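What follows is subunit A paired twice: with subunit B in the first complex and subunit C in the second.
Right, the complex of A and B next:
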């Protein structure tokens, strides 16, 4: 694999998944919510985009709806769809705490996955929807992969800007207050349950957009692409980068993407050795995860910094 | 009608397997206070070790299974001591997330060693018995019998032996138990050995009733969680009831809806239970 393609892939997927990590960062580090179903909002975005833009079913297609709409409409619907799914899943579950919330969100993601897999009328079941429409933006002779890398970067920057704006506002300070001491926040009149719900829904929107962009890049949506592995990937990235800062979330994601791309870039002689490499990649990812949590690397750095001040 | 009855009986066997798979998980949850996602991967470790000894090394089933269960049991303890114990003070959420990492490591390890493909144990084909037109295989009967035996012996162990009583004391209130002279460390060791050993036993059952592929362990955690939540995270005895409910519900549902939705039934149960009765069947409020 040449260096250029490698860098473009890292930039594209690094920025794309950073959007997920940033949203998770907002939900977990700021809102105190453990969302183990991140992939569901991502999948909703991707499928919403595909369904809006694809042509009406023909031939062997088993899906029912294809609106043949323009790409920007699909993109918008992806965000709205993810928000709606967040409302649907967040409204009944957010009164649950900690691990119970983690399990319910996980369960919702599995239910969605099962629906996409079995309900052929949504998106052809396990086959998925191929040839997802790409927006016809091209400048002279700039290849598509560059356009998407820039798009991913833009999406990430906009997400950061919006989240920063929210966190810097009085609303953001109220969120921190809720995180630090829920009872005290409630005592001064903050509606804790409502805030958690709002944060949950707001942070689902960029995940939906990222899903739409992902569908454009891969031009394929199928249940295989949206398994619990995506959720775990984002969680590992979040832990890797330290959960306190946005920069950490982005660096963690990019580090993980680089790691995966490097492993995938190694040429293998046999199928078996490629498979071993994939398994070892899995093991290493898990081990890094365990080690970081074990020695609380980022807590120590921030502790050392606060000592120095 | 007889088809429905057939699904019901198959459901009992599925439920019995789920009981074996979940009891260890619930025990750790109760004593150590967190959800050990890596528990299901131990089933895979045991199942593939049984397969390796039985098929590759040519051992008979019984010694292979015994060795596999013992190794899995110790393996679980080693993981607990090296990974979970040092971060216990950071709370159940961090432990839960860490156990996902552990599941990755174990799952990746099994994958690397075993490779893709479908495998079966070198054991005689199942004999099918027929009662009133309902078919049941001898392996299914074995799973049901073992689940019953495990339930009874665990109940006796927890109520009659000193270690068992110590486990219950630590589960109820670790600090109070320690102040009354219960050796918490020893109790925790016993808990890990037993729960991992049960995972090992469930893994052997899995190897016997199913064809093995390396992703099989991950699929079990979804069902284990469903059973554990339905039972209420604080209770052991209701695991038996809820294992049967989930198992039967999953298999009987095939009568009305496509078989692909079987896992969805388990999760529908999780969601409904958490929404309407977060404390589970046992009725005890988890802290």
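Right, the complex of A and C next:
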């Protein structure tokens, strides 16, 4: 196994998906909202980036719009697009609480998935948009994969900085109050509906950015990439790391990415051994989850750190 | 002109088949500015429902509540609070993930609760002032030494005082207290009646639901008596004490001397 490629992949996808986990952490642990449609905002970001940057349709293309814009415009539109989708989905659903919100957001994500699959004028349906443009940034001999790793790291750091700023302010204090007791919060003038809506929309923006970055890295956006599995991946990462701290969310995500990359890196001689490995992977995954959840490994590490601060 | 500060006008409310508030004409009474109103009545008389209707938690089926000319029944709860109406709850409510001091600070309307102010960091200037004010209020309610502690360490009576403190930090124009002395020991009750007397002097309008008549009739200047969701009597504590209907319905026949 190529150690360097492995580390770059872990850094890239670890940071990229950490952005999703951190956003979910903000929505769930601090905002008290269960969003089971995380992948939808990610997909909107990726598709928005592809549509803004790709060339107008030609030949066999079925999509309608290709703006041939610069990469940074695509990146910005990805964030704005995710926020718009959050406004569209949050406005009618945020009055719901708990598992009802979870079900509705999940349904929205499924609707979007189905829409992207069947409405070919958006992104060629199931074929998807291939050859998504990569920004032409290159420093001397530095390979693209390194640039993306650094970009993912930067995106994560900026996300952390913004979220920390929000949480450390009176706004964060009011968010905690709203999550703890909505009625008491309203009795001291906190606009519960407004705050929930704002948190929901704000936390969708970094997810949209992450979607754009993901599209740059894979150079392909297709409905296959944006299934509910992504949502579950992020939720599992959040549960693994513990929901109390941001560091926990990041540790959980990186652990999950490392695990996936390790499994992906194992070479197989025969189909049979690949099949065995696949079943062993499932068993191992289960065992690791049980161990981590039973002893709350990451939660302890990150909580001890936040106490020491 | 503004003597009628709070107007409850023909309010009715049904929960399922039960008429919780208002008979044929609905419940009506007015509260002049600066009044210390005691709201009493037997269990199930509709006191808490009246509170919930006034503070906007419950919307009336018919009728309306006006505060300073504004129709509260068409106003959302957080806006009613922003309008200067504070309330506590029958079962004290606190924010367990915040410290005791933060539980009080969060009562104030900080500029830092606007997203624009958060991102620009403008709120930092006001924070020390808020902290100071919250600490002073906590001292007033007798929780000054517990500021950094967690809410879980407070007793039921202390939680009540914490809730009062959270409202005091807002400087409400009208404050509604739902059974403030329930579970509160005599020394804290003394503090509470001092605080209420002081607020009354400062011109805050107070409405207090209370079963402890000894406590209430001594400090209130007007009393409204409810029974079965309807107004039974309204008057001064002396008049209420000697009102035969009230005595029969609420105080019991032992007091009817």
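Note that in this section the second predicted complex is superposed on the first by the 271 of 309 C-alpha atoms of A that agree within 3 Å, B and C clash if a C-alpha of one lies under 4 Å from a C-alpha of the other, contacts with A are read in each partner's own complex, and residues count from 1 in each chain.
Going forward, a contact is a pair of C-beta atoms (placed from the backbone, for glycine too) under 8 Å apart; a residue touches a chain by one contact, two chains touch by 3 or more.
All values reported here derive from a predicted model rather than from experimental measurement.
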Partner chain(s) touched by A:181 [first = subunit B, second = subunit C, both, neither]: second
Touched partner set for A:170, first subunit B, second subunit C, both or neither: second
First (subunit B), second (subunit C), both or neither touched by A:115: first
Partner chain(s) touched by A:190 [first = subunit B, second = subunit C, both, neither]: second
When both partners are placed on the shared chain, which of subunit B and subunit C touches more of subunit A: B
First, second, both or neither for A:127, with subunit B first and subunit C second: neither
First (subunit B), second (subunit C), both or neither touched by A:67: neither
Residues of subunit A that touch subunit B when the two form their complex: 34, 92-93, 96, 98-100, 102-104, 106-108, 110-111, 114-115, 117-118, 232, 235-236, 239, 272, 275-276, 278-290, 293-294, 296
Of subunit B, residues touching subunit A in the complex: 34-35, 83, 86-87, 90, 92-94, 96-98, 100-109, 111-112, 115-116, 222, 225-226, 229, 258, 260-261, 263-264, 267-268, 270-271, 274-275, 278
Complex contact set, residues of subunit C against subunit A: 55, 57, 76-79, 81-82, 86-89, 93-98, 102, 105-107, 109-115, 117-119, 121, 123, 127, 163, 166-167, 170
Parts of subunit A lying in touch with subunit C, wherever the complex brings them together: 162, 165-166, 169-171, 173-174, 176-177, 179-181, 183-192, 198, 202
